[in-house]
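See the structures that follow.
Both complexes shown next keep chain A, but they swap its partner, so chain B is in the first and chain C is in the second.
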Partner chain A sequence: MSTYADRLRGNLRVFNEFVAGPGLWILITLLFTYAALFETQLFVIGLIVGSVLALGSIGLTLIYGVLRFGNFAHGDLMMMGAYVTFFLLNGTLLGQRRDTNIGVGLNDLPAGTERLGDLTFGYSFLIAVALSAVVLAVVCIGLDRLVYRPLRRRGSAIVTFAIASLGIAFSVRALLLIIWGPDPRTYVSGIHKAQHYPFDVVLKTDQVFIMVVAIVMAGLVYLLLFRTKLGKAMRAYSDNPDLALVSGINTDRVIFWTWVIGGSLMAIAGSLLALQANLKPELGFQLLLPLFAGAILGGLGKPQGALIGALVVGVAQEVSVAYISAGYKPAVAFLILILILLIRPRGLFGDAN
Partner chain B sequence: MRAERMITPAVLFVVAFLVTALPFERSGGNFAGTASFLTTFLTTVGIYAIFTLALNIQWGYTGVFNFGVAAFFLVGAYTAAIVTKDPASGEFVQYVGGFGEFLSPNFLDAGEWLPFIVGIGAAGLASGLLALLLSVPTLRLREDYLAISTIGIAELLRRAVIENPTVVGGTNAMVGIPGPLDGYFAPGDWKYAFLVMVFVFLGLLLFAVERGIRSPWGRVLRALREDETVTAASGKNVFAFKMQGFVFGAVIMGMGGAVFGFGRGSVSPDTFDHFFATFLFWAMLIVGGSGNNWGAIVGAFVVWGVWTISLQLNGYDLPGILQVRIFFIRDLLIGSTIVLFLLLRPQGLVPEQRRVSSWLDRRVRTPPDARPPPEADATGGE
Partner chain C sequence: MTDTKPVPVLEAKDIVAGYGEVDILHGVSVTVHSGEMVAIIGPNGAGKSTLLRTIFGLLDARGGQVRLKGEDITNRAPDQLVLCGLSYVPQVDNVFPSLTILENLEMGAFVRQDGLAERLDRVFSLFPDLTDRRGEKAGKLSGGQRQMLALGRALMLDPDVLLLDEPSASLSPKMVELIFDRINLINSEGTGILLVEQNANEALSACDRGYVLAMGENRLEGEAKSLLDNEEVGKLYLGT
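Up next, the complex of A and B:
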């Protein structure tokens, strides 16, 4: 005997399986086509913002896949990465009244600040970002050892991890405020001329650099996940932890490398973000919404999904500026999130259930 | 074991001592000044306890994950402000609503209390409605989805307030919200009356929540928190109960927002940032002990006490470097406290009581041999 509710539920399942998935892809294609044709400039900016978000979203989704919790400290740790880069470059800290400088920084390297081509920075920036990636990986592993691992050992509920990560998020923000203060920071001062590209697109060379780096990093993550044994173990653990344990995958190793990858991506994404926007400690928490929207749109736990999801969120946010006030950018990410949760909570690439 | 039982009283004592002693010492032994300070402090604790109590219903009892308390806080505060204020007066002062005048008929001095009752009711209603809307797409899914959605709605609403100066005052704040019964008191004395009102309201809420949680309805909520599958298997509609818990909490948050607005006299978007209006309540709940209403109140007292003490410390001659950063250090302290409590004392200062129902309590409290025989019990032996 089937009740009306049962029939409705069956219909919903069919809808979810055959309409929502393809429908979502069609919507995304329409958005991209429309944006590319009619708002080309905003579309390209959106892709750049999206590619930075993507590096964050990929890390978020990897951590979610392996550790099974939403890392609410992700945005703030990204900011930490950006600030570490800033410190490594200039050696600047907040002093009693104004900045103090420890007097050493990568910018002091011979010809360190000599601009590379049309970019605003020299090779010192590249070194600083690489070192910052190492620092953030160490920070993430340290947090795992101090906070998340004891909680894991105790068998805490998933929500406990989420609350702990929220606590860490605010602690990190406070730490950034203590060390570098609330004023906005930039890596390099001075005017940066924009270049003209085909289709009336105007871009700064830094923005092109951001996109190239993001693509390269996404490619590296792809190679790591799909071409190495470690990546295979990570994906297996993310798909089914019990099965992975039975087949002899070393959990600690998987978790260790997840934090290493997530942490270095945070640092790189944060530093790239700071290249084209002012660095402020509050930015971290505001990043959370687009990061999660991207990761959930792609399907939590799926890095390839996070890449596409974040690009969609980036483009949608930037293109929206043509129609509504820029203050509503977070609202766009929120609408995407709610839309996804309503019609297809598992996202573009997520498995059923 | 004994030492552990002393932790909570010790913490309470230290916080209470410092909160009283520091302003007393700084004002040079001025009793009146200290009393006035403590009144403001306790009023704030009372108002924040309302939010922590509400969060306790959502998280502590139902296991629903609200990271956007700010959203319900904001909706409640602004709704109450719109309802109670006098109509807007011209080109530079614009906002919607302003029903205060219409809600103040001349009988029984209704102007002194009617707008506030309507305001609190409307605030609870609006906030509950928001929770209802939000629960549809998110409550059937994993907990994290609701968490991120509530963060989203909080950010969205704050932006909406800033972007609409003509509707709700924008960044300029909505000022001039009247206080309940303020016509009866001298300007300096009203705050003492307000303190009493806040605690009466908190007491009523506490009573209602305790009754609700001890009822069969409350037992389903707690069962849900422990194991959804088992609860569903015993024939309970999991989604409906989760929604009720979430909405119930949100209604109380909205009312808390209204009380906050009445006490402050103005509402502005800065109040509703994530740290101040969401995270602080989480810290209070985790420190106090989730799953215990008294814990929620103790947590509000302790965390707001630490907050106030750090403010007081700033008046002393601290080393310059500390003086500049004391507020950030306080943020760090509260952020790390939450993590430390989760790691070292997950049950909080006042742990949840493992009781099932008030009826069973009475049975257990009476030792078996002292209990009257079953026949006597049936005729009301207790």
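Up next, the complex of A and C:
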């Protein structure tokens, strides 16, 4: 019996190594080539949607890589980042029946809303995002102290961490509803002019900005993990927490910085998303599926994988609109997730063991 | 060993420790003198590994005292102990598989970066097998090479005392010989060594002194050679 099982396992390994891996890459190349040639506009929009997803997926994959659990609160915390940016810009909270304004906001800075080039926002937005990143980093560290650290000390199972994060997700969403209400919000009202690019592509400059930021952030996270002492310690902790402790690595500090980086990425991702979509509390939860699909497709724990995985999910979702109802977009992400879990659970860049 | 009065580098006295409600160690004492190589042997469940874990602060000592170079280090955290001159190599999972060999060694020196290049050179000269493969992931190494890397990682802080948990476990006889040869070499360069072994013959032939543990208590101690010939040691292993 065991020899049969061994043979089966061996075959699966061969399949995984020589068929599933290259097969996935070929599928992705085909999808991208087809989309770029025949659905150019949707392809480009897909890349932009994918870029925003990528910022979320990179954070998700980083937290998974170091702390070994799927953070179900990621989408909702991204939304919290977006709302904090909104608040910092306008000073708006929900009051009774109508909005309350605390009267000051970064938009009041001298020439704060003056547009930067063709972008729809001024430097006040950049400051707001940076401050929001700090706020979210603090929130994440607070949540770690309050929820995850006690679980770690108790040696809780991974699933306990995941369920705890789900609880945080619900709480955060409720909090956003209480503070800012259910109405859609935008950072900058009015119609945004689009630019024409070669191959009949129409894009807003904001969208180009989003894509550049996503790629730069992915690059920075990659450099952090593979070129800095802190990043190497994060990878070491992810590999073997006990040995990291034995080596004298300050594991509390590794976890602290993981949340700082993860939280900042959440705020940046959420704020960029809100640049081109209406801000709603429930948006975060809807994001969760494509975020996980992107991170798992790329290989959990791999930032470069999360970037590519999220771009694939973004493109697949947008291009699907040419053939099926836009209502099926989440189903496309789900399909990708199922496919990858079936044929290559470790994803594009995941380690064999 | 020298004839002058030996100085204890590491001294664990009357250690009581265990997991949960159960005490595994009931007052165990071991001493490592400067430059000495000491083996702790004993049957399964004697508490050998528990003792090392307690000395290294991975497990709380409920009683007794650990002193390093005269300083009380009882229940200090591992990241402080490595700075004091103590290093520890666990029995299993003793490398970071997805990090390269070089990165593994860098992690060994995490708390101290000065003189990194010289210490890397020393490790690579001790284990030439690792030199050419420094860019490869540790997960690809064989069992013996992993053990070398694990020793190398622990040596990166140039410790006064090295704690080794079963360095010969699940290695081929040839590899065991090589690993012990390297451990002897490390010891001859002045690092004190306290190792735990199931393989009593191998350990006692390589070490200066030995302790025999059973049921969480000291049973015998003495010159390694004399323990090798001691009939009682054999009896302990047979459980009589």
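Quick note on the criterion: the second predicted complex is superposed on the first by the 341 of 353 C-alpha atoms of A that agree within 3 Å, B and C clash if a C-alpha of one lies under 4 Å from a C-alpha of the other, contacts with A are read in each partner's own complex, and residues count from 1 in each chain.
One rule holds in what follows: a contact is a pair of C-beta atoms (placed from the backbone, for glycine too) under 8 Å apart; a residue touches a chain by one contact, two chains touch by 3 or more.
Since we're looking at a predicted model, the values are computed, not measured.
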TODO: Could you say whether A:249 touches chain B, chain C, both of them, or neither, answering first, second, both or neither?
DONE: second
TODO: Could you tell me if A:70 is touching chain B, chain C, both of them or neither one (first, second, both, neither)?
DONE: first
- [ ] Please indicate which partner A:11 is in contact with in the superposed arrangement: first for chain B, second for chain C, both, or neither.
- [x] neither
Open item on the list: Is A:228 touching anything from chain B or chain C once the two structures are fitted on A? First, second, both or neither.
Closed with: neither
TODO: Identify which of chain B and chain C touches the larger number of residues of chain A.
DONE: B
Open item on the list: Please output the residues of chain A touching chain B within their complex, sorted ascending.
Closed with: 69-70, 72, 94-97, 147, 150-151, 156, 158-160, 162-164, 166-175, 177-178, 285-286, 288-289, 292-293, 296, 325, 327-328, 330-331, 333-334, 337-338, 341-342, 345
TODO: Enumerate the contact residues on chain A facing chain C in the complex.
DONE: 229, 232-233, 235-236, 238-240, 242-250, 351, 353
Task: For the chain C and chain A complex, residues of the former touching the latter - done: 56, 58, 78-79, 81-83, 88, 90, 93-99, 103, 106-108, 110-111, 113, 139, 153, 157
Open item on the list: Per the contact definition, I'd like the list of chain B residues that touch chain A in the complex.
Closed with: 63, 65, 67, 136-138, 141, 143-145, 147-149, 151-153, 155-156, 159-160, 162-163, 274-275, 279, 282-283, 286, 320-321, 324-325, 328-329, 331-332, 334-339, 342-343, 346
